[in-house]
Amino acid sequence: MKYLRGMGVVLLLWYVAAFLISSPVIPFPHSVFIYTLDQFVPQEMHLHLLYSLYRILLGLFIALFFAIPTGMIAGRVPALDRLISPVLYLLYPLPKIAFLPVFMVLLGIGDLSKIILIAIIIYFPASVTIRDGVKEIPFEFLQLAVAYHLSRKQVLKDIIWPAILPRIFSSLRITLGISLSVLFISETYAASYGLGYSIMNYWVMAQYTGMYAAIMLLSLLGLLLYIIVDWAERLCVHPRANM
Amino acid sequence: MILSLTDAKLDYPKTTAFQHFSLTVEDGEMVSIIGRSGCGKTSLLYTIAGLLPLSGGTMQRAFGNEGVALMFQQDRLLPWKRIIDNVLLGLSKEKTEEAATFLRSMGLGTVMHHYPHELSGGMRQRVALARALIRKPNILLLDEPLASLDEQQREMLQNDIKKYVRDQGITLLLVTHSIQEAVFMGSRIVMMTNKGVSYELKNQLHDDPNLRTRDEFFSMQKTLRLHLEATR
Amino acid sequence: KDAQQSASEKAGPEPTLKVGMMSAVDAAPFYHALEAGYYEDEGVDVELVLFTNGQHRQTALQTQQVDGAMSDLVALITQSTSDFRLIGTLSTDGAFPLLATGPLTEGTTVTAGTMEISVTNYLLDAYLKERYAVEKVFINEIPARLEAVVSGQLDTGIFPEPFASIGELRNLEKLTFEGIPRESLNIIAFTEKALEGKEKQIAGFHRAYERAVKDLQRDPELARTALMNAIPALPEEIRSTMGLPTYHTPSLPSESFTEEIISWTEGITGTEYTVGPEDLFDARFINAL
Amino acid sequence: MKYLRGMGVVLLLWYVAAFLISSPVIPFPHSVFIYTLDQFVPQEMHLHLLYSLYRILLGLFIALFFAIPTGMIAGRVPALDRLISPVLYLLYPLPKIAFLPVFMVLLGIGDLSKIILIAIIIYFPASVTIRDGVKEIPFEFLQLAVAYHLSRKQVLKDIIWPAILPRIFSSLRITLGISLSVLFISETYAASYGLGYSIMNYWVMAQYTGMYAAIMLLSLLGLLLYIIVDWAERLCVHPRANM
Amino acid sequence: MILSLTDAKLDYPKTTAFQHFSLTVEDGEMVSIIGRSGCGKTSLLYTIAGLLPLSGGTMQRAFGNEGVALMFQQDRLLPWKRIIDNVLLGLSKEKTEEAATFLRSMGLGTVMHHYPHELSGGMRQRVALARALIRKPNILLLDEPLASLDEQQREMLQNDIKKYVRDQGITLLLVTHSIQEAVFMGSRIVMMTNKGVSYELKNQLHDDPNLRTRDEFFSMQKTLRLHLEATR
């Protein structure tokens, strides 16, 4: 499988880095593997994985659920874009972590607030990519839609949606990475399961082997999700001029 | 009267596509439009289809936007839709059988479920033609519908379109570069430049089934050719 | 409807007392009390919520997600001007050694890692100011601070136990300063709302703490066990090397010490705090013991 | 100016949120404005702004400098993509903050490490967007390049680059937002200036008005940078079929 | 011999574009290729240009990839380049004057600095033609270069291309749907189906300056038309 070679490369880089830096902050891969097998697998690894997965997927889903319409409207209706874009531009740079207090007030410290936090973080990049994608739809197709009197719904279904589908997958890939890498933000408070929670726990204790074990699992989880996204894209996106 | 333009003018940012253009089309007429490359024919069809607003003059249309079907000069097939779905664009699934019949009659029966990029240039053009015809509009605007086809197929489709349009009572505006085609298809042939209509010819023999073999068929072509040359 | 709800709350089971904990040796008595069932004995349902990030813990406290939490005097003071009144009820005992690659050389400028607005900053002054010229570098995240010391970017840094012992495993030397600070700066703080609404529970919480402290005074091993069990990812090696503080019977900081901290904090933040010990603390629960 | 209306919307949202939540964790806008004028402007506001701006711009530049070639190669050469993509997929989800210790060891605690941290965080989304963009370049243009025997350099300059330029701007917009919102990560250590540093400090002191003042400045800085990016895009990107 | 195909075959995933195709072209020849829409003409040009590998049979080319210039059936102008820069694609700036001359001679002098989307269909096609011609390749492959042009311009450009190709000693392969064009341009006319060459005709009068008025001009067209009909 093609992903194995990539993993080999990462492993190699990791070994080289561990060797060059030769500090406990980068443990050697094999010791991390051993730790994983020793400590993680027998214990509650699957729980950590599942909790993180659940939060990410739900967060992604909620974010895209709102980002896709936002992006489409902003991309299609210039009048509204003039309103939406500055709002996005103003809110996107906000450090979401600084709004933790607001989250806690509004949503408590349970799972909901973690999921919404992830959703909000990725809502912005997703909206911006989708908006940019919609703006790039060839004018010819939009003119075609007018000439053939497509209803709003048909324009959406037959032109806009298929035209931006590759963009949606692209933004899915970007936001997936973001949501995984900010997992630790949402799982640092009041969690007892989740990979972010494990990473944080090991981190504050400077337990680098354990931390890398959790990171490795996170990274593999990411790869798995990416494989799924790539595969779904091949299924959904129309074949294009080939060879 | 289904369409009437008076002193119409269309400006692009850098150029004027056409101006001083006046034309009245009666219901059921078949008007061929010829003119040099770049004289504004495509732009004219766009205005009639409601895609571009006139910059000057007036246009009266006895039909809504829904009553027009425009076949673009470039095929503009949607790359993500199969051929049959491209033809059905915006129509209900009930028309599938009709679309298939259209495609088969154009020799595209075997590629109905292919994607546009798998077709040759001429095949794509026929798909675009089918997509316009199946709509049975009040007024049909064809922009060089047969430019990429071989002479045989061209003649065959000329016959088919003419018959279809007449049977359905559709008003036709046909832009073409082929004078032969203009005369065969048009009950009236309008020659345009970007300064308006430069010449008009009524084709009295339009309904004659043997038009292609009539001497007048060739003499009309000759007349048009001479006039075209004069506009150089 | 609201009235109904609160009525049913009153009638229903006792509300839980949520208290935020940190991975610090201060937490030992609380966890020991939990393990030993002392809270139950007092009839209170206590939930200890462990935070890995002090800032998040503080925020959870401010937004009433927890009723109380481990905090410190500096936080109480700085927040006294904000709209979050937090009230300290109980001093806890922590340990804040320095870690360094070797003994610090006197007379030179010592670069030291700490957090700007925090007790560690105060302690650094208290430890070193007399004998060294100190150049402070603010690195909030403890692991990052540790690496800065290990890699020689800093001469030393301040680390709360049990973290300091973990640093020791990395061949750093632990520097402790007997008798400094005079009194503990760490404190359990509750929100005003909790103090009003859950007075009974808080009182029980304090009684359980007192019992636990007595146990720990008798047998410090119990503290080690409680910490090892409660804090995830603690390496087994530090069970015995962990520097434990003396766990004191429940008390609150003295007035003079509090004044000293207030004026120190004023110096750091450039803000004047018009508060006194009476605004910061609530001695009811200590007094009731 | 069209941005004013967007700012109005945000302001309105802010008021509504402040009113509804009515907790000090969301102060009212006017008190934040007053605070900004009182405290920030006379003091070292410009220093905070400039430090942050400097770190972000340099970080962005470094990230794009590496991400553009990575994305182009991965998008163009399938053989290399099979290697690069899994590596990206594995490394992207890593929580960069967990690598703070590694940064300390490798790069010290100065400005360099802060800039590199930002650069690394945005390198991944930038690479992925650009790669996806390159993969979407119409096959016709690539075939044209072969038929007209364009040299590698010409393909790059005449086909790939102009074709993905909109994508590069799109990814610039995404990464700009990310880099602003992660500023506080890099400015929480060994900094004495920077908006992220201010935000953190105010937060520690539970000075939400001050925190919001810093956040507001960050947000305005973001908007300003976005306006510049949008304007640069209008300048650089070819006009397309219009109307 | 500049090009020779023997029993050539090209498969697409779902269809065979052509097979059993054999053709030998001598240096300096001008070969017109005609055939029904979808019979594999474009695909054939792609193989000769080296864009697609043969699936069977052999091809010998006495020129490198650099020696071919292909004009695509669709114009494929780069939307981000001005007209003049599209013509100069891949060439050094020194050719700017030459490119401008080409464009002017095609009536595009005024739109040289416009972008492709601002041009009409026929204008775009002329730009694509200019882009191919300016390269002065060993072998020039034109895929329906004049399909979107009016008859006058068509004739004019036929004359121009023929003269240019002959003067430069370029070997020409011209795909066209117009039998008239095939006969006028080709020293040899090859009729293909997707099963190979179905008919070949040598045009003895190719060099005759008055070819268009010669009776043989029309009789050759007639012959071809009959043969084409037979392949239906």
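Letters are used for the chains, namely A, B, C, D and E, taken in the order the chains are written, and counting of residues starts over at 1 for each.
Methods note: a contact is a pair of C-beta atoms (placed from the backbone, for glycine too) under 8 Å apart; a residue touches a chain by one contact, two chains touch by 3 or more.
On a predicted model such as this, the values are computed, not experimentally measured, just so you know.
Where touching is counted per the definition, the chains common to subunit C and subunit D are A.
Subunit B maps onto subunit E through a rotation of 180 degrees [Cα fit, steps of 5, range 0 to 180].
Contact counts per chain pair peak at A-D. Centroid distances from subunit B, each centroid being the mean of CA atoms, peak for C.
The mean-CA centres of subunit A and subunit C are about 36 angstrom from one another, to the nearest whole unit.
Centroids built from CA atoms put subunit E at 84 Å from subunit C.
Taking each chain's centre as the mean of its C-alpha atoms, subunit A lies 50 Å from subunit B.
For subunit E, the set of residues that touch two or more other chains comprises 13, 74, 117. Annotation for subunit C: residues 59, 62-63, 143, 146-147, 150-151 touch two or more other chains.
Residue positions 23, 25, 97, 101-102, 104-105, 139-140, 203, 208, 240-243 of subunit D are each in touch with at least two other chains. Residue ranges on subunit C touching subunit D, taken from their complex, read 55, 58-59, 62-63, 75, 78-79, 81-84, 115-118, 137-141, 143-148, 150-151, 153-154, 269. Subunit E meets subunit D in the complex at residues 49-51, 65-66, 68-70, 72, 74, 76, 78-81, 89-90, 115, 117, 131, 135.
By the touch criterion stated above, subunit D contacts subunit C in their complex at residues 23-25, 97, 100-105, 108-109, 188-192, 200-201, 203-208.
Against subunit E, in their complex, subunit B makes its touches with residues 12, 14-15, 34-38, 41-43, 73-74, 107, 114, 118-123, 126, 143-144, 147-154, 177-179, 225, 228-229, 232.
Interface residues of subunit D, counted against subunit A in their complex, comprise 2-3, 5-7, 9-10, 13, 17, 21, 23, 25-26, 82-87, 89-98, 101-102, 104-106, 121, 124-125, 128-129, 132-133, 136, 138-140, 166, 169-170, 173-174, 176-178, 180-184, 196, 199, 203, 208, 211, 215, 218-223, 226-227, 240-243.
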